[in-house]
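Listed below are the structures to be examined.
You will see two complexes here that share subunit A, one where it goes with subunit B and one where it goes with subunit C.
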Partner chain A sequence: MNIETRDSDGIILVSLSGEVDLSHSAGLRKRLMELMFERRDVVVDLSAVTYVDSSGIAGLVEAYQMARKNNTRFVLAALSDPVRRVLQLARLDRVFTITDSAEAALKG
Partner chain B sequence: MTQPPVQTSASGHLDLIIEMTSDFAQSHDIEAILHLGLKRVCERLGAEAASLFLLEQDSGDLVCHACIGPTEVLGLRLAPGRGIVWRSIDLDTPQLVRDARFDPDFAVTVDEATGFVTRSILCAPMSFRGQKLGAIELFNKTDGQSFTSADGQLLRALAMSSALALINTRLVAGMAEQEAFRREIALASEIQRAMLPPPQPAASPIHGVNLPARGVSGDFYEILPLRDGRIAFAIGDVSGKGMNASLLMTKTASLFRCLAKREDGPGRMLAAIDSELHETGLAGMFVTMVAGILDPAAGRVILANAGHEPPLLRTRNGEYLPVDDGMPPLGIAPDLFADGCPESVVDLDGGALYLFTDGLTEARAGGGAMVGGDGARRLLDAFAGMPADERLQAVVRSLDGIGSLRDDVTLMVVEDRRLAAAGVFERRYSARPENLATIRAEVTEVARELGCSAGLVQDVVLAVDEACQNVIRHAYRGGDGDIVVHVGREDDLLVIRLMDFAPPVEVSKIRPRPLDEVRPGGLGIHLMRSVMDQVDFLPPPAGIGNLLQMVKRIDTP
Partner chain C sequence: MAGRSSQSGEFSIEVTDLDTHYGDRQILHRVNLQVRKGEIMVIMGGSGSGKTTLLNHLLGLLSPSSGNVRILGEDLGRLTPMQRQMLRTRTGVAFQSGALFSSMSIGDNIALPLREHTDLDETTIGIMTRLKLEVVSLAGFENLMPAELSGGMIKRAALARAIVMDPELLFCDEPSAGLDPVVASSIDDLILRLRDAMGMSIVVVTHDLDSTFKIADRICVLDRGKVLALDTVEAIRASTDLRIQNLLNRRTEDAELDPDAYLRRLLGDASKPQDGARRT
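Here is the complex of A and B:
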């Protein structure tokens, strides 16, 4: 797994790539929670994620809950097939704010 | 010429007694010591000649083992009866004969044969606490006088200390013999172990393991690939224990190998071994044995059983069916197997056939109760998720661990590996997060090979990954341990089993989170249940590990 973050006009774009499993999910969670504590608006680009499991999803859920509390934006963008499948299975596709592309999310 | 001063009391000759005792202590050559001792006694008492007789256990005769003086009587035998030596032994007292000519028990034959003229005789029994070993006899004082009763007391004391020393020396020799016997047993056990088949390759459909309870085992097993691709196998248990049992075992195993190479059926093999055992005439010993031939291509086993524990077929559904047709043991009566031995045909059909000796069912569990047939089944269930070779080791080790083995344990498994040949996957991993990627990659490959569509492969891999996570996080709780992952296809079902060796996890605590509750955690089990048709935590078998089974129907396109 690889995490890249960049600031795009005040919104933080987090680009995830590779496999997000138990050996990486703690790193993802830490990064997301840092951003949440800073009360940043966050868009997570998931287009290059080849695999995600429940531990990776758990990190996203936790960030989502915190953003709601903080009244900040937390958007999942450009879901790859594996990510979409797992979110569907977990019925979380109806919970997260999801956009087709990172650009759309940043504009929105 | 001066004679040494003749001391008359035994206590005055303590130095001699000590010398003789120390001679005995320092050497194991009994004959040499007896000769030296007799020489010392002869000199001290001033006798012209002396002989030492020992009782021979088997014949009851007295045999001369040492002799001093002009007459050589070494090896002379005195059958029980009259004579001064026998009188001394029978009465267990010294015999003093001042003039032999007037003693009715004196045998003149030796004098007549040798020309020696016996005048005075002193004879004392070598005995200790009623144990009679022999006697020392002295002839003629060198000073021409007769022996005295004081001489008698001294000789009695010397003879008694010789007897004691002799008893000790024989004890030591006995111990040395026992030690030699122990070494012999160790050697025999080494040879026996060398005779057992070497560990089979993991992919072999037949595996066996033997754990001897003591040095030498009466159990054996054989695995012998035949030229036509079939595999002959046998398991057996020889009556009795120790050396004889092990020699009979060696013989039976060798016979089996010869006969199997001739590709006879198992029934004919057992009949031939029976007849050979009768010709050897090992009275009172018998052999229980199962011989069989596996046709791996058909998943079919032909079996013959002579008095052995019925083999147990564990079907692919986990049911147990004993195969209990059989004959009495081999070596009982010469005509029993005149018409051969009946054979059973077992179709493995994805199951596994277990063969074992009674050491498995009669091993004692922790509480002292026998493991028994049910216990054996529980153990086999407990390790069902493991590769066959490791499974057998694990079963036997858990027996060894739960109590002292009373008997040898031998366990074999004959498996239907046709599924394996078609891509059944079974691999053991260290339960660490960093291994998950490897597990996913390997399961992806096997799921594809087993005919899963791309989407199904993705789901299956997710389920396996989630299950492994559960093991890592909840079963081992971050500690070290292994996971065995088994993926196989049974007809149109993809069957995945995960086995761990952690303390049992309370199944009731593992449940999917309610779907309307958005929170991290509890998601893994939900994902598993979502993608698979069936997810079952099989009851933690015998307190060892956890077994999870997931099943998914593979839709044929």
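Here is the complex of A and C:
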């Protein structure tokens, strides 16, 4: 898994790629929690994620819950098919704020 | 499945020329079986067909008399204890009885593999556990004890525990046995969704025909310890083999009867084969 972050007019774009599994999810959680503690608006681009397991999904859930408490934005963007299928399995596609593209999320 | 780098090769399971004996009695005869990645393989057969013995081999609980079993590319006969432990984290098993710990809550039962095999923080473990409870439609039941659940709920909780580590390979032993048709069907649907969403390879051992035809990509029919057929649902349904048709139509088959052997069994003398000279 690779994590890249960049600031786009005050919104942090987190771009994930590769496999988000047990061996990487702790790193993802740590990065997302740092951003949540800084009360940043965050868009997570998932277009290049080839596999995500439930430990990766757990990190996204925890960050989303914290964003809601902080009243900041936390958006999942450009879901790859593997990510979409896993979110649908747990019906989380009805919970997260999801956009078709990172650009749309950054504009919104 | 869409990419797990730990996976290599075409098959999740490769069984080659597997023989098994219980004492002098041969249970499995030259069993060959390959399970492709991302497919649901149903192993079916009547009582005594050897399907449970085969499952125990796939789980590494039995050692072959001869032949070998490869799981996720690993030869079970050559694994060190550490490698065997590693392999267990990549597989999940939902046992027929559920095999939940009666002294632990449902949530703790499901979280157990994560606590044993990972160093994830408790917040993540909690979310993962509740996610799986959502997936098996047991949301909100995490604090109940196993004794407080119905049979169908126990099966679903066992399935949640089996998938909590997101295994590459899942084994389900009689997942719908003893359940009413509606609950059984919901478990079938769940197994299909796990294959489609997670790309799991799934081996289901069952004698439930409705379930078999609903979920199987391929079926392995065992009969008296031998693979009678290994094919798609359509091909098995269309088979003209009388033993398969009997199985599908739930017809019993008259076993061949050796009158002499039968009498010896009744007289409690089966261990002493007798020749004609003694039969006077």
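What we mean here is this: the second predicted complex is superposed on the first by the 108 of 108 C-alpha atoms of A that agree within 3 Å, B and C clash if a C-alpha of one lies under 4 Å from a C-alpha of the other, contacts with A are read in each partner's own complex, and residues count from 1 in each chain.
Criterion: a residue touches a chain if its C-beta (ideal position, glycine included) is under 8 Å from a C-beta of that chain, and two chains touch if they have at least 3 such contacts.
Keep in mind it's a predicted model, so treat the numbers as computed, not measured.
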Joint occupancy of subunit A by subunit B and subunit C, clash or fit: clash
Partner chain(s) touched by A:L22 [first = subunit B, second = subunit C, both, neither]: both
Subunit B versus subunit C as contact partner of A:A58, first or second or both or neither: both
Partner chain(s) touched by A:R85 [first = subunit B, second = subunit C, both, neither]: both
Touching partner for A:T50 - first (subunit B), second (subunit C), both, neither: second
Partner chain in contact with A:V95 - subunit B first, subunit C second, else both or neither: first
Which of subunit B and subunit C A:I3 touches, first, second, both or neither: neither
Where subunit A meets both subunit C and subunit B, residue numbers: 19, 21-22, 51, 53-55, 57-59, 61-62, 81-82, 85-86, 89-91
Subunit C partner contacts - residues on subunit A that touch it in the complex: 19, 21-22, 25-26, 29, 50-51, 53-55, 57-59, 61-62, 80-82, 85-86, 88-91
Contact footprint of subunit A on subunit C as seen in their complex: 1-5, 118, 120-121, 123-124, 127-128, 131-132, 134-135, 164-166, 193-194, 196-199
Subunit A residues within the subunit B interface of the complex: 19, 21-23, 51, 53-55, 57-59, 61-62, 64-65, 81-82, 85-86, 89-92, 95
Footprint of subunit A on subunit B - complex, ascending: 433-434, 436-437, 440, 455, 458-459, 461-462, 465-466, 469, 472-473, 515, 518-521, 523-524, 526-527, 530-531
